[in-house]
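Scrolling down, you'll hit the structures one after another.
Consider the two complexes below, in which chain A is the common component and chain B and chain C are the respective partners.
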Partner chain A sequence: MAEMVKLFVNGQEVEVESGKNLIDALKVVGIEIPHFCYHPALGADGNCRMCLVGIEDGRPPIVPACKTPVQAGMKVLLDAEHIKKIQHDVLEFELINHPIDCPVCDQAGECSLQDYYMKYSLDDSRMRVDQVAKAKRMDFGCGVVHDQERCVLCARCVRFTRQITKTGELGIVNRTDAARVTIFPGRPLNNRYALNIVDLCPVGAMTSQDFRFRQRVWFLKKDASICHGCSRGCNIYIDHHREKYKDDIIYRFRPRTNLLVNGYFICDAGRLSYKEENENRQVTSLIEGRQAPFDETIAAIRQKLDQARKPLILISPDCSLEQMWAVRRVSTLYGASLSGFSDAYVKAGDGDDFLINDDKAANRRGLELLGIKTDRKSFIEALQKTDLFVNFNNDLHFSGVDEEIDALLGTVQSIAVCSHQRDVFKTASIILPIASYSEYGGTIINQDYVLQAFAKAVVKNEAGKDMLEVTRLLGGAVIDARHAWPGIRKSVACLADVDPAAIPAEGIKLQTGEDANVGA
Partner chain B sequence: MSDRSQLISTGESFAFDAERDAEFERLVVRYPIRESMIMPALWMAQEQAGWISAEAIEYIADRIGTFPAKVLELATFYTMYQLKPVGRYHICVCRTLSCWLRGKQDIVDYLADEIGIKPGEMTEDGKFSFEEVECLGHCGTAPVVQINGEFHEEMDLKKFKALLATLT
Partner chain C sequence: MSIKVRVVERKGRTFLEQLYLVEVVKGMTVTLGHFFRNLLDNSRLYVRHYPEVKPEISPRWRGRHRLTRHEDGSVKCVACFMCQTNCPSNCIMIEAGERFDGRSEKMPVKFDIDLLECIYCGYCVEACPMDAIRMDTGIFSVTSNSRESLLIGLEQLMETPGGFSEVDYHKGGG
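Then we have the complex of A and B:
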């Protein structure tokens, strides 16, 4: 715990953490200092002048809050007339050449310039000269579209490409009112994190080709979740909306800050993976290609499992811990072999040293801790012996066709319990649709053994059931996610003290046997 | 100031000649931060070719080990760097506050109406090119005109016309 210091804001005493700048420290206690260029991931730049605050008896008496560390006894002025005038004047300056096209701007509703104008200015423009015209709809590459006229030149985007991705594609060229953000001719954005620029931009200058004009942000419901795109487990917001008489659709993923896992950013592939939650979903139950009611399909699966001599159950490494536990219980119930074989989810060499991991499985550590085998040899042996193969949403074709396994699958009767329509499930005689991760809640453990919880976000019209509901109907003892935990706690040492309802937002760094020496 | 970021490509690769190559290596060790060499390198490229092409900027970025966009920032910020071919006489008219208040617009209008060149343009015979620039640092003797690097202070239209007449 950092040391606390007492200081005064507008004469009121507040207690804040030391070692932070005024913007960050006062934000924690609910005091907003307006700013454009400062961002905790990019550091203080001091170029926008919006965060200037007064320091009573200070030398100098007016300082940028982003570059000013908190000090005990400091007397900060935010609502003095001369500070209000600075805020007002900086906004007037920013708005001289701004097109004020909020009605057609995607940023409207989450725009700093718009919000600050409403809060600190509200004046008509005094300008009687023509505005400086600059380029609009510039394709910067990687799905980033730039509007030079909306830009406030805070340089967050430029600093992001230099400090974070170290690719340096962007720069601010010219000076005075001709200054603008641009790319070097013929060298567009070319990195796997470029769309973070759209989030970083405090105004509507950077928009996403994918999201722009698709939905007004104030209609979006923003639910916290975890990206299931790889074993990093980046924290995200799922922004979704149900238009009247239509279905609940996800419009975008945005990064959610978690310093323990992903910091402030997510990769572009993960960001765009929201599309997979919308598209290609399995929504109908099928028996031998015939559409069948859900209950009948469940009964058919039960019957097959009862009749099978040696069933084999395969589970997806993306499943939640609770689902894995419930499927494990079901496999015991029917005397089935259980595998979490998922070599296809590993794309060797795809990862980098920032956020992207080779392993595209969200919860492989879960399989490991629950003692579910994932090796190819035992899976193939079990597949050779089995007379009924039940696949719980494991995409064996994730990295393309696997001929050896496909040949074996061709000889055995199979059942697919799946969220998406995929090649690998097509051969199944019975197909049962289930919910995908945006539609249920649970816990997963990332590559670095951080246990994180996520909640249900999306409610589909034709909702697939949670896998836990399916396992319960198949006779499993686990009623819901909470009910899985007494068993999980007993079975996994490092989870023995975990209360799933009390997992903090940043997750819990688990102390596993091999990891205990490394430290948190 | 107009937009200077529309670079011109020569279609041919650029490299320092032997003399400037040696000069680059002599200077670069002076700077603890290698990127500080961008500005001297831009000067050398301009001396060599008369102006700075897109290829020259890429060459400098590679040579120094920085991003081309960063070199572009500096090349476009400072109007002393020519990003396209200039005339025999390159006229810079200061457009910052003092010069603007003291009548730089008369000179700019004269160049547009009588000589036929707007900011950023060159006469067809290649004699004059003209650019409006930011503060030249001689606000006390505004308005200021700079021709091929030489300052002419306390200008007015009459003096400016007389000055142009001396240029052959």
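Then we have the complex of A and C:
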């Protein structure tokens, strides 16, 4: 824990962490200082002047909170008349040329300018001259749409491209009321994190082409979850909504701050991966291409597993720990060999040094800790010997067709327990639909051995069953996610002390030794 | 706390009223008066010949909705969802899209109102910043043989003309 210091805000004593600036430190204790340009990931710029606060007996007496570190005994004034006037006047200044088109602005409802206006100003405009017209609906590339009229010139976007992506596509040109954010001619945004600009923008100047006009933000239900796009395990918010007479669908993913894993951002590919959760889903159970009730399909799978001489179960590296454990238990129940072979999920060279990883599997460390083999050799050997292949949602064609494995698969009978309609599952004689990660809760371990929990977010009209429930119906002993844990704790040393209900929001960094990787 | 008690004088306690007979005759006089009046001249009926004769309704009447248009025929609605947000019965379902006619950036591509769910409260009209949705069609009887036909869409809402003149509408009825 960092050192705590005591200071006074509006005469009241508060205790905050030292080493932070006033905005961050006071936010922790629930005191909000209005600001546009400051963002913890981008540092203090001090250009918006919205966060000016008074320091009693201070020299100077008025300072920008974003650039002022907390000091013991500091007397901060937030509700003094002269500070209120500053906030009020800065807002009036920002609104001089603002189009105030909140009804058609996507940011409305999560807009700093709108919120601060309601809180600190509420005045009519005093301007009697025409507003400065600037460009609207500018395509900045990478799905970012810019509206220069709404911009408050906080330069968060500019600093993002300079400091975080280090690509520097954006800049502010001209001065005073002619100043505007723009790209260089013929050089649009070109980086894999560009859509973070849309979140960073405190107003509606940056909107996402993908989300633009699709839904008003106040209708969206915002649930915390974890992106399953790669082994980083970035923390996200799933913004979803069920329209009347329709199904619950996801409208967007947004980054959720977790300094242990992803910081403040997520990549564009992960952000747009919400589409996968909406589209192409397997919703019906099929036996030999015929639509069959769920119970009948389960019974058919049980029968096949009972009859099989040496079944082979393949599990997806995206499954939660609990699901992996449950499938492992089922495999021992039926005397099946179990594999987590998923070389296809690795796209070598795709990763970078920021957030994107080569490995697109969300929980490969889980397979590793549970002692499930993932190597190609053992999988092919098992496939050669088997007479029944049960695939638990593992997309073997993730990086294209694998001819050697496909040739072997053609010779055995296969069953697919899958969340999506994919080529690799088409050849299965029995197909059973299950829930995808936005529709169940569980825990996963990212590549850096950070154990994170996520909860169910989306509830579909025709909700697919959790894979855990499927294993229970197949005769497995694991009733639900909680009941998987005594077994997991016993078999994985580094998870021995973990209480799944008490995993903190930022996750737990697991201590893994050599012996911890050996399964029981 | 004391309860306020007000003594109300009870009527109908006089002797003649207690007899009932006089009152019965009085009542029957009215009834028979109507009977003979209708019998002698049918056109002097006290009831309205609905549905042949429609009632006159005030411009303030909250009838079936319509979407208003600009002079050039384009829809005034900018798909801001204020009506949908304000709707207590969740009967408005909008889908928005890009607009390129220079009036706004946004317009509705779908605008459905489920008339069976609507409670005709008029909150949508009050919420609208564009005066784009109104309930001034004068249509007070929304009936149909099928549920589906009562989910009306953008075209139907835009086609329906207003039932009153602009002046009367803004005056709010005399």
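Operating definition for what follows: the second predicted complex is superposed on the first by the 513 of 520 C-alpha atoms of A that agree within 3 Å, B and C clash if a C-alpha of one lies under 4 Å from a C-alpha of the other, contacts with A are read in each partner's own complex, and residues count from 1 in each chain.
In this text, a residue touches a chain if its C-beta (ideal position, glycine included) is under 8 Å from a C-beta of that chain, and two chains touch if they have at least 3 such contacts.
Nothing here was measured: the structure is a model prediction, and the numbers come from that model.
Peer 1: Kindly say whether there is room for both chain B and chain C on chain A in the superposition, answering fit or clash.
Peer 2: fit
Peer 1: Scan A:W218 for contacts with chain B and chain C and give back first, second, both or neither.
Peer 2: Touch partner of A:W218: chain C, not chain B.
Peer 1: With the two structures laid over each other on chain A, which partner does A:R137 touch: chain B (first), chain C (second), both, or neither?
Peer 2: In the superposition, A:R137 contacts chain C only.
Peer 1: Report for A:G168: first if it touches chain B alone, second if chain C alone, otherwise both or neither.
Peer 2: first
Peer 1: Give me the angle at the C-alpha centre of chain A between the C-alpha centres of chain B and chain C, rounded to the nearest 10 degrees.
Peer 2: About 90 degrees between chain B and chain C, seen from chain A.
Peer 1: Who wins on chain A residues touched, chain B or chain C?
Peer 2: B
Peer 1: Just checking: does A:R180 make contact with chain B only, chain C only, both, or neither of them? Give me first, second, both or neither.
Peer 2: In the superposed model, A:R180 contacts chain B only, not chain C.
Peer 1: After the two structures are laid over each other on chain A, how near do the C-alpha atoms of chain B and chain C get, in Å?
Peer 2: Minimum C-alpha separation, chain B to chain C, in the superposed model is 22 Å.
Peer 1: For chain A, which residues belong to both interfaces, chain B and chain C?
Peer 2: No residue of chain A touches both chain B and chain C.
Peer 1: Would you pull the chain C residues touching chain A in the complex into a rising list?
Peer 2: My answer: residues 78-82, 84-85, 90, 93, 96-98, 104-106, 114, 129-130.
Peer 1: For chain B, which residues are in contact with chain A within the complex?
Peer 2: Spelled out, the residues of chain B in touch with chain A are 1-5, 7, 9, 54, 57-58, 66-70, 72-73, 76-77, 134.
Peer 1: Which positions of chain A touch chain B when the two form their complex?
Peer 2: 134, 158, 162, 167-178, 180, 182-185, 187
Peer 1: Any idea which chain A residues touch chain C in the complex?
Peer 2: Answer in residue numbers: 101, 103-104, 136-137, 212-214, 216, 218-219, 243-245.
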